[in-house]
Amino acid sequence: MVEIPRPLAIWQQEESALSSVDDLTEGRLTRRSALVAGAGGLLATSGLAALLDAGSADALAGRRSPILASAAAQAGTLTILTFPGWYGPHEFANFDKQHPGITIKTAVSGTTGAAAQIAQIETNPGAFDVTLAGVPVSSQMHAAGVLEPLKTSQIPNLKLVGSTFRKSLPYGIPTDFGKTGYGYRKDLITERPTTWRELWTTLAKKYSGKITMLKYDSDIQGTALKYLGYSVNTKSKSQLQAMQNALLKLKPHLQAILETDYSKALIEGTAVIAIDYDYDIAAAQKHNKNIVWVAPKEGMAAYLEGWCALKGSKLLPTVWELMNSHLAPKNYASFINNTGSAFVEQSATRYISKSIVHNPSLRYDPVALKRVEFEKYLGPTQIAYRGRLWEQFLAA
Amino acid sequence: MRLRPPRLRSIFTSFVMVFLYAPIVTVIVYSVNKDPLLIHWEGFTTRWYKQAFNDPTVRQDVVTTLKVAALSTAISLTIAVTAALWARRASHRWRRAFDGLTYSRIVLPEVVFALGLLVLLGKLHVPFGVGAIVLGHVVFNSAYATVIIQARLATLNETLEEAAADLGASRWRAFRRVTMPLLLPAVIVAGLLIVSFSFDDVIVSQFLGGNNAQPVSVLILGMIHLHVTPEVNAIGSGLMLITLLTFSTAGLITVLWPTGAGQFLGLGGRAAE
Amino acid sequence: MTELSPAVAASGDPARGEGRSAPAVKLIGLRRRYDDVVAVDGIDLEIGDAEFFSLIGPSGCGKTTTLRMIAGLVEPSEGRIEVHGRDVTTVRPHRRPVNTVFQQYALFPHLSVFENVAFGLRERRTPKAEIRRRVGEMLEVVDLQGRDRYRPSQLSGGQQQRVALARSLVLDPEVLLLDEPLGALDLKLRKALQLQLKRIQHEVGITFVYVTHDQEEAFFMSNRVAVMHDGQIKQLGTPRDVYERPRTEFVADFVGASNRLDAKIVVARDDGRYDAEVVGVGLVRAAGVEGLQAGEAVRAIVRPEAISTGAPQADEAKIEARLTDIAYLGHHVSCVAQTESGGQLAISMPQAHVKLEVGDDCTLRWPFDATWLLPAEGGVAPK
Amino acid sequence: MTADVGNGSAVSARADSPRRGLRARLGRAAHHLLALPSVGWTVLFFLAPLAILLLYSFGTQNLLTFQVQFGWTLSNYTGIFQSLYIKPILRSFELSLFATLACLVIGFPVAYTIARARRRSQAILLLMVMIPFWTSFVVRTYGIYNLVSYNGPLYQLLHALGLVHGYLHVLFTPIGVGIGIVYTYLPLMILPLFVSLERIDPALLEAAPDLGATPTRTFRRVILPLAVPGIFAGCILVAIPATGEYVIPVILGGGKTLMFGNVVSDQFLNLGDYPFGAAMSVALTFALLIVLMVLRSRSYKAEQRIT
């Protein structure tokens, strides 16, 4: 039933058996989920929990499932809260065959903000079985008591995931991560930058109005902290203030702070520099050979996200099976090929598209990972403070 | 008699129409563009429409959207017509208070009452879904409809209804045969408008949809977080087409219906006054 | 009622004095087509100074279109319009020396009575003091003094009508056009206002061109009337002329309930009269439209009020009939009698003269002079 | 009497009915039932939720226990007047004012044209105004985004006409946001204007020139005053929601031209600070209600003047 775990072939770089999947990634390039809500999610979750108070808590408690009937015997609709198009046509194919009674449905976690998505979970106890979430949000959900503790014994494939990732996302199964660096057009600028410092000090002024930035608070704040040589997860007020000043200094030179299509302007040439995720630049490079990825020497901020099981799910045994199936190398490779994202499972490399495996920005490279600092859950006060700073940056 | 040489006004109106349609044209063009990144024109394809049509989520969400729009429009118009009929004969002070309520439903940022409603319905254990979305949509849709219908009703001569009552028509019949036909233009205008609001709404739809009702607007918002894909444009164009077809069918039925003949097109209704 | 102020009575700014010898309004070959429909089909007309002139006819006859062309609200397809000798065919309405009183008054609902009347004066940048004076005087002329602060909606129909009149008259137009101004009023009010209109016209001495479908109203007020039909003027003349000597059956029919009898010309006499054989009556010597030929089928027109009962005199026509209906209309009685041939005759006579009952047979008589002969328009005369 | 009650208001109220007084009273009572759907809906699904939020606006949120605690603190309100929020607030009013005026200037001739068109054309023209709004709001706004983008169709047109050199700088500027808002709210201006212009008696438009008014003066002295209720209604429907607009600034403003609506919804959707978000909403609502009341009372007067 469940695919037998392959031996961990660490750092192995195999040719992909499925090179044709490249086509699949065309036009379906994804960006990270907004569920990885840096600051936002935390207070939002708690706030809503408070708003709904006892009513929903009772409902949650009442629906706590007895579990551990055989997963194969279960039937029903298993709902994953995620983005439309996040999963390709192949990932669930095997699973569907083996579980004829189960229908997998994806529900849209809208993107108006993290609070809205958490509201969806909070107000509909039992309606969703799995949610896609980043480190801070999953930690917050855990604190709020809406997550089902991961039953690792039921998910043998979890061991295939690199231990760094597993430790960073303890409440769910890690599926993908993304680093924030920048891309530039080598045909449109003469410089060949390699650092954040160059971007902030010389390029910003020279190419003022031709620089775009993705709109994601924790990634951008982390980026500024990296530029200044601080930790992404610093709690120092003075460092955070320095970060804020750096961002405010950059803002007048920005063409736009984008919600979507981060690299489109770069591809078109209406912008020459884009502060963007690794996988998005990788995808953009396919459309324009002049785009160069910069993994700045000062380091990069990165998010990590994955699946968490939600309390109140009536299909928990099936959920564990689905998670296990998702991490089975072939399946996992299919998911990575669909999203074009950086991957967390080394053993799936042989099935993953060459363009991802060989891409310097995406490949599974422990050296490169050392320059990356993952965003952590910093507690509500810190999150609220950073949230205000972000708001101030946008409103300025 | 004319205000200005007619051509100037018509030319200006045509320009405004171009302004209104230009973005829609780009949406339609993008929906048939082969280039998935929509950077260049790479040729015509119906692939995105097929893709959208074959996607069960899209199909289901379109149905949800139409259901929500139909229900909330029907309820909103009923509320608006009754409210306007009441307001016409209400005392001045009551009417002002009433108008205050109507306008505040339009004024208040949607996110505010949507959140309040979320909390309230949660506490009352009202199930989330199409019904809950409709509850929310009616709040603002009925307000817009009331404003439009009230404006129309203010211009109608009450003596017509009195005459009808005097001729022995029951109140209901006087309403149906005299007031309603006169109000119809405003009701239609209001209907056209609030259907579009229902389509556009994201916040109430997302908050109150639960896990079994997701209108297209919410789906699209999720989809564009990846990229503004041609498929999204195809869904937008498709939705417009479906609505247009629905309305023209409804219009056709009304026109062909023996008793209501011509009323549907009688939007202006100047002669009716 | 009210003394007319010198400003209104003088009715003349010097600028237009020189054109006074020319007719107030002159229409030359005036035509108006709407797509396929010809609303006005070639009208030539001269209206004199200080004349009260009416255009009458059934609805759709083109009278309102003609009026609107004079006002400049409708452009003629062909032809020319002159006001006191000046060609105004292409002059925009706001520059024409004519003003209109509209059917539904068209008072500005957002302006007070005073401001409505002052509207045109303000357009002319008349000094404020003068506006106040002239509006005040004009409100007196139309008997609305003290109502200047009212809104049009607070006035009765008759009062609104007078505001509309004042609004136009205060501008001292060379010609005042009135488009069924009394159409929306009840009968009693209409009668009163007819008198008032006539008086005002007399006082201000301005040419009035009056459009109505009510011939009685037109006859009562006008110096001359033109009867229109199918976009053409069918007859032009004094009310008496038109009433007593209609040129066509249509005019005869339109200008008043008239009895029509089939007849045939026997002799066309030298004195302009005819001897005609009238069915059921016999030989009648009567006046008629010029140029009727012996042997020609004609209609004999007899006015209801010319008919009486009793033994006929020598110069009277007679016919046997039975009364089928009697209606008392106050000082008058209106009867219907059936002739032996089956035709019906309407009779109108003073109350005192009626001594008959329904069902009585009687002899009806009328003077030969009260008979008018005109060409038959084909077919048998309507009963 | 019971019979009358049983028959209810559906019974014909003939003028010659001997019990007309009673019927009239019953009729009045029944008449008030007409207000019930609207008032009931508003109270249950609008005022009740708002009452909850109003309570929150005086409450505090404990960052550690995440509980909203009811209280009577005004700190949420005083927080609004931080310099941080002044800029978006001013920008909101500025953009809303601009958009309203632009909608009025653009919408008036269109509404007038429609109002004076033949009746069949009226229906078609009104429909034509509405059709673009049956797509999805987000898709439509991205349509504008495409249209005004640096090298988009508008640029190419203007460039071909020699009106623009280099790129078109509309997208990601306040002008871009303004265009988006004008586009989105134009029907809300055109419809009420149409309603009020359509009911102007055409004879008035003949009477004015007949009395010597030029077309311009006719417009100023007759059409404009009579359209005042429509103008007020249109301005209310445009200005007030436009002040709270927040999606358009994000898409067309490139996330840089934020308005107050963005700040408010961020409190709820991203920061999750409900008491502060509620306080902001309450403050915004009150400010807008005052504007609204002023506009409405003017509009009432205007309406009474012309009816």
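By written order: A, B, C and D. Residues from 1 in each chain.
Rule of thumb we're sticking to: contacts are C-beta pairs under 8 Å (C-beta built on N, C-alpha and C of every residue); 3 or more make two chains touch, one makes a residue touch a chain.
Keep in mind it's a predicted model, so treat the numbers as computed, not measured.
Between chain A and chain C, the least number of touching-chain steps is 2. Of all the chains, the one whose CA centre sits at the greatest distance from that of chain C is A.
When every pair of chains is scored by its C-beta contact pairs, the maximum goes to B-D. Work out the mean CA point of chain C and of chain D, and you get 54 Å between them. Between the CA-based centres of chain A and chain D the separation comes to 39 Å, rounded to the whole angstrom. Centroid to centroid, with C-alpha atoms defining each point, chain A and chain B lie 37 Å apart. Touching two or more other chains at once are residues 1, 119, 202, 221, 224, 228 of chain B. Listed for chain A are residues 51, 112, 116, 259, 268, each touching two or more other chains. Touching of two or more other chains is recorded for residues 206, 209, 265, 268-269, 274, 307 of chain D. Contacting chain pairs in the structure are A-B, A-D, B-D, C-D.
Touching chain C in their complex are the following residues of chain D: 201, 203-204, 206-214, 217, 221-222, 225-226, 302, 305-307. Contact residues on chain C toward chain D in their complex (touch as defined above): 71-73, 92-95, 98-100, 102-104, 106-110, 119-120, 123-124, 151, 153, 167-168, 171. For chain A in complex with chain B, the touching residues are 26-31, 34, 51-52, 55-56, 79, 83-85, 106-112, 116, 119-120, 123-124, 127-128, 259-261, 264, 267-268, 287. Looking at the complex, you find that chain B touches chain A at residues 36-37, 39, 57, 118-119, 122-123, 125, 128, 202-203, 206-207, 210-212, 214, 218-219, 221-230. Listed in rising order, the residues of chain B touching chain D in the complex are 1-4, 9-10, 12-13, 16-17, 19-24, 26-27, 30, 38, 78-80, 82-83, 85-87, 89-90, 96, 98-113, 115-117, 119-120, 135-136, 138-139, 142, 144, 146-148, 151-152, 154-155, 165-166, 168-172, 186, 189, 192-193, 195-196, 199-200, 202, 216-217, 220-221, 224, 228, 232-233, 235-237, 239-240, 243-244, 247, 264-271, 273.
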